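This structure is in structure tokens; I'll ask about it shortly.
So that you can tell them apart, the chains are marked A, B, C and D in the order they are listed, and the count of residues begins at 1 in each.
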Amino acid sequence: MLVSNALTVAGGDVSLGEKEHGPPPAIELRHIHKSFGAVHANKDVHLFVRPGTIHGIVGENGAGKSTLMSILYGFYEADSGDILVDGRKVRINSSQAAIDAGIGMVHQHFMLVDTFTVLENVMLGAESGPLLRESADAARRRLAQLADDYGLRVAPDKMTGDLPVGEQQRVEILKTLYRGARVLILDEPTGVLTPQETEQLFRILAALKKEGVTIILITHKLREIMAATDYVSVMRGGEMVAHRHTARTSKEELAELMVGRRVNPTQRRVGSALGEVRLSVEKVSVLRRRSAPLLKDIDFSVRAGEIVGIAGVSGNGQSALLDVLSAIRPIDEGRIVVNGREITPRHPSDPAQLRDLKVAHVPEDRHRLGLVARFSAMETAILGYHRRARFNRGPFEFSQDLPAIERHCRALMERFDVRPPEPFIKSANMSGGNQQKLILAREIDQAPTVLLVGQPTRGVDIGAIEFIHRQLLDLRDQGCAIVMVSVELDEIMALSDRILVMFDGRIVHQVDNEDADIQSLGLMMTNAYDKEKHPPAAGARGKRGAP
Amino acid sequence: MADFFLLAVLTLDATLRVSTPLIFCAMAGIFSERSGIIDISLEGKMLMSAFVAAAIAAVTGSPWLALAGAVAAACAMALLHGFACITHKGNQVVSGVAINILASGLTAVLGNAWFQRGGQTPTLDASSRFMPITLPMADTLGQIPIIGTIYKHAISGHNGFVYLGFAVVPLTWWILFRTRFGLRLRAVGENPQAVDTAGLSVTALRYRAVLMCGVLTGLAGAYISIAQNAVFVRDMTAGQGYIALAAMIFGKWRPFHALGACLMFGLLDAVAIRLQGVHLPGIGEVPVQFIQALPYILTVVLLAGFIGKAVAPKAIGTPYVKER
Amino acid sequence: AEIKPAVVFDMGGKFDKSFNQSVYDGVERFKKETGIGYRDFVVTNETQREQAIRKMAQRGRSPIIAVGFSQAPAVAVVAKEYPKLKFTLIDGVVKLPNVQSVVFKEHEGSFLVGVLAAMASKTGKIGYIGGMDIPMIRAFGCGYAQGAKYARPDIQVIQNMTGSTPSAWNDPGRGTELAKGQFDRGVDVVYAAAGATGIGVYQAAADAGKLAIGVDSNQNYLHPGTMLTSMVKRVDVAAYNSLKTAMDGDWKAGVQAMGLKDGGVSWAYDKYNKSLITPAMKAKVDQAEADIIAGKIKVHDYRTDNACPN
Amino acid sequence: MSDQTRTLPRWIDIGLIPLINVAMALVVSGVIILAIGENPIDAVVIMLHGALGYEEGVGYTLYYATNFIFTGLAVAMAFHAGLFNIGGEGQAYIGGLGVGLAMLGLDHVLPMGLLIPIAILMAAAGGALWALIPAYLQAYRGSHVVITTIMFNFIASALMVYLMVHVLIEPGQQSPESREFAANAQLPFIYQVLGWFGIPMAKSPANLSLVWALICCVGVWFYIWRTKWGYELRAVGFNERAAIYGGVRPARVIILTMCLSGALAGFVGLNEIMGVQHKLLLDFTAGYGFTGIAVSLMGRNHPLGIILASLLFGVLYQGGADLAFDVPNITREMVVAIQGLIILFSGALAYMSTPWITRLYFRLHDGATPSDPPKPAHEEA
């Protein structure tokens, strides 16, 4: 693997502590503090990044990684603390200042103008004169040169919005290089990429490193840290808790550093006998107008008493699949039968109807789907079930039965240990984990016979993860049919009876839990798995497997 | 036939005259909305500047001072809009409504207080207004059939503002699509975060855009009160700001398309004046009210997507709040 | 006797250079001559008419002059409530024992300016621009056309109305456009009966070097050289007389129709337009005036049958 | 965004800050009055006396307030569903047309007891109809309701002019007005009703539609915060995607809400046509639809706040009329200007004062200064 070659190149015997020797760090942060209201997002953070290295930063959701990088890029100003670039103290109070200091950043969500061409995006803010033509000519020349230097090739006159994400990311990188960045920050760059694109990216990063560019890489995927970085720093609860030489640490150690204690993955219990088919999906496709279909020929079924896990790199159609199963999105081809109700392109259903069929749905994106931030907790607790007779009263049930709703909410909060157990609190003011528990409580409380659940533990602390996993397994044992989408392979492995792997809008593999191991699942997710356990064939797709 | 031709040319002539304030305002709207700031206060800014122009012209007798005052007044209103929408991230529609109502009230109050004529300004004499310009050799060339006629009757003899209005359209296009400022302005209306991370100030860009908008609405206002007319009367813009807004949407936020829409609405108006009471064969007498409402109806139809989808700048209407 | 007069102007406002302003001139003259002041108010919305008139009545004002036909319903209501006070309605009719209604034979005056317009026109085409499309304004145009045809049977008269709402009285921009539209069609004399909208018409005529005819008050001074004349409707006299008679104690209720005979309407001839009126024109129009007063010429009033003879 | 930023107490959020906003608007208005050479203090005294100092003035204040309650509720209703209804003016116009047509057709046929519910229905139907098309286009075609409702104001006005001038005008009449309705098609005035109970009151246009306005306030409050439909409406307004997830159909909610909003605006027609003018005429809406925006913003989109804001605007309108009457230099448009300022300060600049009030409050309260001033919590019951 190319990246590991890169590792050996830089893998000298450097003592981490002796930063006095050799060239000054490319970036040094001292005593950085940053608060948002009551949230102390960065507490006394120290970091130095050696020039010409790839430095990884890991940490749980909300650990303060992005905040730190935003401070470095002048998006936020630290409440206190110093930033040194190449040993010189600088004041970075705007993105412009960061650019001037030679820092470039590729954001989690791309900062591109979709309706502009690549060329226009690249020169935006770095034009060479008041007229566009001269700037464009200069930019075109420089792009050609960058392409030669780093193998970063993009068509300068293509509309950015029409490019695939991997190429858009390349535009982002080009933008920073165009501005003369010597330090490149990438915040979760691989979350949206396909495996091939990820691999491309790491190849580019290696090339950049060879040219002396310093890279800070934020990712949740310890695999990538191990493969691509020279050093790694760990953040927890806003603090920098450890720094390691990548070569001298392990995934297990990093995981433990991240959460602050030993992690015991949930132990799967083998399920009882399977019941009847509750959900069957037959040749379902969702088409898009100009690009490849979102879903193509999806075909599977789920029985009572089993959990079917959907694995895959995010962005391969899992979200669309949940939308389709919960009838939020209509299908273009095929047929879904859920609890006896047939859904076809001509006879679409809707979420309300499915709920009446005892199909519950814990959405992937709780902020945007699962709750209304400005509703009170008790209002959130009935979302989707607000038309039920038990929550309304009077002739035609014209009036909401507030006392009944409040009682209901209290009961849910108690059963699922939602804190604070306060029905009148605004949903937005609950912490992420508690929001997730409330949503889960709402859906599970209806005793569903089919449960659709997306990323059940995203952004949830470890204690809650265990609790949520237990709830899901209990529900399965009571005979519910569960479809679970997750990007966490460990979670998939820990809960699913059967695992479907999605790639590029299709289901590419299906395995029983007993036959699955993380290694081969990883290969399957990148569509590089070969049944006869032969090494992956050298082709356009999946030249290399996942590390 | 020759008569009909002349009539058509003269209708064209009138079209140019009545389209001019629409053109200025539509270009103004393009600057503002392309930068992401909804501007339904074109009407109010135009009214305010029309008043200030007439008031200054009446007092000083200088049309140039009046013009400067008009532009300054419209810019002041534009800055107010910017202060509310950019600095304080207020609701852009609400701010626009407020400015329209404020302008309607304030012009009448001040007009009455200063001139004691129920909100009117005194009538201006020729020396304190902008008068039509006869282009060189209009009469000589006018002898040539067709082309000459068009030159003499439709092209020559307009107010300087009319020519300026037509010059402003390619200028707007050029600024938007051929200059650095235009690139940044369009970017900030599509994705302000991209602009911010590119090291540019979203606030400064948007303020510059609303100022451009102010300058152009100021020209429109001055045209109405001290060029097209010689007096300011209460609410004299009579909804033209809204028509310009409609034209801008109709033109999908593009200068030349918007120009086309302005000319079409202007033509409707010019024709409406000439069609009044005329019986059309087969149709009978078209109610004037119908023709007057036509721009609004057409806009609704367009928005309904029957003519083609109008795609607004993506970030329009949302104040920019720094977030990761 | 002691009187406490009040005036309620209509929406155009007392400086419309036309109808309302003429009333204003009348009451100002009265004020200057007698030293008796008055209260006034300009209405700006429908409910205010009644409110304003009643307020004047509550404060014991009398006579209360209400300007414009739109005030008729309001006068009718308030006059009933205050039978002891005197009300004068100008340009409209309310039949109550304490209301004096003054109306004018605008068609007669318009006939005379029509004669002048036809004789002054070189192109044989003259124009008329009305304000709000109501029968009274049609009557202006109808009288004008009859006069023009009387002077020159082959004359062509182009008529336009500004609009159908009260804002038609207050839209000089549209007045300008309408006038230009008529000039484009060959008109070289235009008569406007359109309140403040007329300002735009006269301006357009002055800008284009065409002739224009003013209305209601003498507007010749506006653009000397292009204002051919004005059809003067002596609302100022009506207002003045109302106050004067009230002071002298001979104020009478009832309808007064003022025409050429009573000096209620006339055409303006002064230093500003002397040069535009040839002796022939003057002779012709004087003749016509005499004939109308004598009853030899009958000017048709549009309002009697909502039609205009061709 | 942060979950735990500190929130201000409700009394500051929905009491103090709106008051400060209005105060700022009034201070600027005072400066304008000074600038035209009058004394703002005197002006306030005249205004307050004119609006509240005598029975007729109070009656006029209530009459204006009635209109503002209707249009304010209309704006608020749509606002809770995330819609901005600027079309109150046109909806009121067509609502009035509905009332007028019904009364012209039926006033000699039916007794008042039947005409009143018919008028209410017709006003609602007219207003709802005029909101329906923009609502449909927003729901199914994605065309923005702000622009379409503005356009519909103009279309309503053209339509009314056409109808009044060519169809409904009373023959022989100078101005475009219909005939006057028979007495049984005229809503009783408040002074008449009080008169029946032997309580004398000066004549004024305040009429029974004020009672209907108050009923509407209660109805709107109940609908938005106490019914499942209101729940869905707010869900769509706050987070449309979550609403879809929850089985709500936003398109339906948008259409229903806009129709209700239009109906509320249409009741201006009830007040004006059946209550005060007693005939169909032009321009009876007189900008009340636009004022509704100010009223709703000031009242924080809550019926109780709307009642208070309507009274304030009633005072402004009636007091402003008296002011214009007594101080020749100040015309009625002063009220329009003040209204513009109130919309500016309570709407567009609503949060201008929030940062320093937050800072001040927390400094006084516990000496802490949050670096990130919170947006005020929103208007829930």
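Everything below uses one rule, namely that a contact is a pair of C-beta atoms (placed from the backbone, for glycine too) under 8 Å apart; a residue touches a chain by one contact, two chains touch by 3 or more.
Source: prediction; values computed, not measured.
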Q) Which two chains meet at the most C-beta pairs? A) B-D
Q. Where the centres are mean C-alpha positions, what is the separation of chain A from chain B, in Å?
A. 48
Q.
For chain B versus chain D, what separation do you get between their C-alpha means, in angstrom?
A. 30
Q.
Based only on mean CA positions, could you tell me how far chain C sits from chain D in angstrom?
A. 39
Q. In chain C, what residues contact two or more other chains?
A. 42, 163-164
Q: Send over the residues of chain B in touch with two or more other chains.
A: 118-119, 234, 289
(Q) Give me the residue numbers in chain D that touch at least two other chains, ranges are fine. (A) 161-162, 165, 331, 333
Q) Which pairs of chains touch one another in this structure? A) A-B, A-D, B-C, B-D, C-D
Q.
List the residues on chain D that touch chain A in their complex, please.
A. 2-6, 222, 226-228, 231-232, 234-235, 238-239, 241-249, 370-372, 374, 377-378, 380
Q | Residue numbers on chain C that touch chain D, as the complex places them | A | 40-42, 44-48, 51-52, 54-55, 69-70, 81, 92, 132-136, 163-166, 306
Q. Along chain A, where are the residues that touch chain B in the complex?
A. 66-67, 70, 73, 75-76, 94-96, 98-99, 105, 107-109, 111-116, 120-121, 123-127, 129-133, 135, 175, 179
Q.
Going by the contact rule set out above, which residues of chain A touch chain D in the complex?
A. 35-39, 79, 326, 328, 350-353, 355, 361, 363, 368-376, 379, 383-384, 386-387, 391-392, 397-400, 402, 426, 428-432
Q: Would you pull the chain D residues touching chain C in the complex into a rising list?
A: 60, 63, 161-162, 164-165, 172, 174-176, 203, 205, 276-277, 281-284, 286, 321, 324-325, 328, 331-333
